[in-house]
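Each of the two complexes below includes chain A, the first together with chain B, the second together with chain C.
Then we have the complex of A and B:
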């Protein structure tokens, strides 16, 4: 198929304002008469609030208002389970819980005033380990609940017990992962403006999911959705992180704005951001795998425990993705998987790029290498014996029969580009000196879009203006990944016009069609289809109008290169501009509302059987490392990443997603950990929480594999998240080859590599077998 | 509370400004709040992220660590001053052409660090580019396309 706008490295439509400093992010907005809001956070991870005295703070010069839980019309919110407090009512449940918020004329006054708020606490014992929280007699984190369990998902396939009796080799291993901070470079920012343009409150800011934010704010204020208007600004990164924490901030700012009748701006410092915002879930994972001597997998039993922290947030859905994908892309006759989430008094955990997959992919791909070792096979051989092919049946009983299952292809391409086979042999020989090299691989399958998590549909408006310029609006929000560009390309492709005609509007919840959340790497697939659908409707309107006037068949008309042609004789009938003029004269309406609903899926909560996702993507990454065994330093030399994306709508932004995902995975694998001791967070800024810098970059080779999917626009699927889930296990496998020692705990920091255990965690030698 | 203000004169993007600033006022705040130059971003306030990078007397510095009261007579270049006479700086154009921008929050700081590098070293090696940008964090791009953008300019000005 030949395209004119898609499948091309079109330049980003929002790059100009970003390179000139003209792009306005949340913190860059100033309104007349604006106040500054500042929250007071808890002093303890778990405590009863006996008394809050705001009198002194209220007298501080410049202070206009202070709110506490008393002032919040409805203090609980949440996308899945409504148990997150906007401000702590009777108890603080984690160290980042807000207690009061001050609005003052200057930032300084707001900061000074919160120091004057007197809070009397009664400290309570906390639970900081989800396994403790799971115990029958554990104290309750949420007193209104029966226990501390947030959720339990299951997959049951075949008879696992019997299958293990037939296995010739059985391996049992435990893996753990850590709390991780999203580390978007832009800290959270919100401005709430009261009574603007017929809305009760309009909210601007760095809002990942404008519609979830609107739901939360309207709910908290107890007003209808149409009274709350959310307008998204340029987002300084999100990676899943600017959702509930932003909803809470927006709700606080809205209450203050209505109370003072003035705009209220809140911008977090980095410390506040790290202290308050949810993290990636740490997991404890027990894996048991059985195989024949020939390396055929026969059974897998998996138990994963996720720390949900103080609130439910996204835990129910995050652990659901884990349960679906926990075995990895391997054919298994018998599977028993359980994933659990438990409340603790740790910081709460939520969505982060990958969403429940980086943890299990780390475990399952480490396990595959350990099993290969046990079977005296290469990691590649073992994988090739067991991976999914077309028509394979997944652990959930889903037959993969509606798209190309391209694992073999992505593996072959990554193996070739990395010289995996030669290098694996070379690095297996004994290496002289302190510096040892290793090469490791990881593969995965990943369900596209939301799956059985929630209803999955998206809408878009394409509107041709009188002069032929075009506006697009959708409820899916640009988070920096290039969505505006991709959607503009799709509209341009369908209408046969230059992308320069198109302007993609910021999401405005009072105008844009609600499209669910910009999560789960679903934007291109869902939103792209909605844009395509709208553009096709307009195309039909235009061709019918012309067919009528020129007495030709509308089916013979094509829109291409800014013109309308008769495809039979390739004759130009008129230009796109003339067609728009004609429509203006005839009163033909050239706007359309496009809608796309994802194909049906199914899921049985009891057995975990069904069709959890309507399609999947496949990827393989290979890491080459050098470990200094004298210092424990890991240098990642090279990463090869082969990903099947269905179709690359924009190959260059797609490569950007791969580079970015790999660097984030590198941080996850060897550097990053939010250190939490008894609920207190130790590293609250980038001087202590280290993320990869330009100096940590390995050579990265992205390989884009295209097997168009019948469901995607032009066959496109997704890329944002798969890039991130493979890096850590590939690196861990490479390190294991280099050092001869397996580390089963992320991150692979200096101490773990050098000593075999983590100093900061008070770890023991048992960290490593 | 009494705040002692001091008067300070310096040059921003080629224009002389005279301002009253508090003794503890950071250059970052002066730029963003007094001069409405919001292209310079704040990401950490402790000199670690580089989002606030500006060029001060030819050197890339984190403006969150500079007190405005101490830069009298100096010359400051911010992202808003890179575009001259309606023409983008070659680095800005290269960032667009090479897809070096995703969310764009780190971009102004990255461009200022890159600009400072090229002022002193018009033909940096890949390694020199990496060293110059070490203090600029980017969570989106994985840095690769940023390096490619800067390399393209370094080659073109040979």
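Then we have the complex of A and C:
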């Protein structure tokens, strides 16, 4: 297939404004009479609020208003389960719960005033371990519920008990992962403007999902959706992280803006951001696998427990993706998987790039290597014996028959590019000196888009202006990944015009079609199809208009190179500009709403059987490491990443996703951890919460594999999240080969690598010894 | 929010006047530690009413050779320590250590004087400076005194600097012939990394290959960097041809624990500090053997 705009490394449409510093982010916006909001956070992870006294704070110069839970029309919100408090009402449930918010004329006044708010607490014992929360006699985190369970998902396939009796080798292992912070470079920022244009309140800011934010704010204010307008600004990163925490901030700012009748701006410091924003779920995972001596898997039994923290947030869906993908991409006749989420008084957990997959992929891919070791096979051999192919049946009973199952291909390409086979043999030999090398792989399959979580549809508007310039607006939001560029490429491709004609609009919830959330690596697939659909409608309008006037068949007309041609004789009929002029004269409407609804899926919650996702992507990453076995330092030398994306709409931004995903995975794998002790967070800034720097970046070899999917625009599927879920297990497997010692807990920090276990600081956080 | 009066001066004399006249003055040099602590309202920061900015005093930005000493102004940045031929040539250990500090931005702002006066247990310049027997010159309006750096430090983030004194000079005696130096560091990542552990080693190897005048100063191992005399003595007199590195490793671990007792991090630091001294010695021995040939 020949393309003119897609499948090409087109320059980002928002590059200029970003590299020149002209792009406006939330914190860059100012409005006349704007006030600054600051939230007072809890002093304890779990406590009853006896009394809040704001009198002194209200007298602080410049303070205009203070709100508490009493002032919030509807204090509970949530995307799935509405139990997150905008401000703590009777109890604080985690250390980052807000208690009051001050609006003042200056940031400084707001910061000083919150110190003057007197809160009388009765400290309550907390639950900080989800397994404690699961116990029958455990105190309730949410008193209105019967127990602390957020959710329980199941997959039941075959007879696991019987299958294990037939297994020749059985392995049981436990793996754990840690709390992780998104570490977006731009902390949360919101400005709520009251009575702007015809809206009750307009919200600007760093908003990942404008429509989720609108739902939350409208629900909290108890007003119709059309009274709340959300306009997204440029985003300094999100990675799944600017959803509920931003909705909460927007709701607080909106209440204050309406109370004061002045715009209210709230910008978190990094400390506030880490303290109150949700994290990636820590998981405890028990895996039991049975296989024949020849290495054919016969059964797997899995139990995963996720710490949901104080609120449900995204736990029901995060653990759902885990239950679908928990076995990894391996043919298994018998599977029993249970995933659970429990409330605790830890910081709440939610969406973060990967969404329930980085945890289980770490476990299942570590397990496969351990099993290979047990069977005296290479990790590659064991995987090749068991991976999915076309028409394989998944643990959920889904036959993979509607797209190319390309695991073998991605593995082969990654193996070749990394020289895996030779290096695996070389590093298995005894190595002299403290520094030992290893090479490790990880593979995965990943369901594209939302799956059975929710209705899956998206819309877009393509509007051709009088002069032939084009505006695009979509309900899905640029998060920095390159969505605007990809959507512009698709519109340009369909209309046969130069991408320079297109101006891509920010999401404005009062204009853009509601499209669900920008999550689940779904934008190119869902939103791309919606843009394509809108552009095709306009194309049809144009060709019918010309066919009518020139007495040709509209089906014979093609739009390309800024012109309209008759495809039979390749003759130019008119330019695109002339066609627009003609439409103007004839009164032909050259705008369209595009819509795309994902194919049907199914899911039985009792058995976990059905078609949970309509298509999947496949990936293989291989890590080569050097471990200093005398200090515990890991150097990742090289990462090879082969991903089947269906079709690369923009190969350069796609590679950017791979580089970024691998760096986030490297941090997840070897250094990142939000240290939480009894609900208190110890590392609230980047001096203590370490993420990789450019100096830690290994050589990365991205390999784009293209097997066009029948459902994707031009065959395109997903890339954002798959890039993140494979790095940590690939590194862990490489480290295990290098050291001869398996580490089953993330991160693989200095202490774990040198000693085999972690060390806990305890004491005060300022004690660096 | 911490509020204070801001003072600035372009001359040492003026700065000393301020220190004499005002009390509770915090001195600002590069600011790479201080500004963070002010922002954080760190409990480590003593209460202060005045901030005295000395960063514009040209008289504090020198590196000169005076007789048998290299003299360094306290405002010399880490970047200059890395680049300056006088430092690279005479004390490569100092350049190496400076290279491991923070990031480019921090190395461009942060100063040797600040690193000394802040006296962090993890300061990267303190172990090499102590091992080089550096001295600090402390000047007040009324007097001037010289202390060895090791004596100047009294605890984590604590020094003998008096309220009216300014660190005006760092003096490092030149090493004679036959001296070797090395600096080792473990961090949790490759840049912007506070030392999990570091170690400076300075030693003299005579023509027979015997160690003398060995100085071993680990960082992040003890409440504040200090010499390890037992380890030093155990190296002195040994030969590069038959020194038992495993034994030295055990000795340095024991000496560390004798100072700190068992801390939460001891199980990691015991083997790690042994590794660092072994690596430093190995490197020096290799160099000495190369020189011999």
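Rule of thumb we're sticking to: the second predicted complex is superposed on the first by the 760 of 769 C-alpha atoms of A that agree within 3 Å, B and C clash if a C-alpha of one lies under 4 Å from a C-alpha of the other, contacts with A are read in each partner's own complex, and residues count from 1 in each chain.
Assume a residue touches a chain if its C-beta (ideal position, glycine included) is under 8 Å from a C-beta of that chain, and two chains touch if they have at least 3 such contacts.
All of these numbers come straight from a predicted model, not from anything done at the bench.
When both complexes are overlaid on chain A, the residue A:482 reaches chain B alone and has no touch with chain C.
In the overlay built on the shared chain, the residue A:183 is in contact with chain B alone; chain C does not reach it. When the two complexes are overlaid on their common chain A, residue A:687 makes contact with chain B and with chain C alike.
Within the superposed three-chain model, A:27 lies in touch with chain B and out of touch with chain C [touch as defined at top]. By the touch criterion stated above, A:550 is placed in contact with neither chain B nor chain C. Of the two partner chains placed by superposition, A:589 touches none, neither chain B nor chain C.
By the document's definition of touching, of the two partners only chain B reaches A:652; chain C does not.
After overlaying the two complexes on the shared chain, residue contacts for A:11 are found with chain B alone; chain C is out of touch. Between chain B and chain C, B contacts the larger number of chain A residues. By the touch criterion defined above, A:695 reaches both chain B and chain C. The intersection of chain A residues touching chain B with those touching chain C, taken from the two complexes, comprises 685, 687, 693-695.
Taken in their complex, chain C has these residues touching chain A: 1, 36, 40, 42-44, 103, 120-122, 186, 188-194, 196, 220, 223, 260, 263-265, 267-268, 271-272, 275-276, 278. Within the complex formed with chain C, the chain A residues making contact are 108, 111-112, 434, 630-633, 671, 685, 687, 690, 692-696, 749-751, 754-755, 759-763, 766, 768-769.
Residue ranges on chain A touching chain B, taken from their complex, read 9, 11-12, 14-25, 27-28, 30, 61, 182-187, 234-239, 269-270, 479-482, 652-653, 655-656, 658-664, 685-687, 691, 693-695, 697, 700.
In the complex of the two chains, the chain B residues touching chain A come out as 1, 32, 36-46, 48-49, 51, 78-80, 82-83, 88, 92-93, 95-97, 99, 101-108, 111, 130-131, 133-147.
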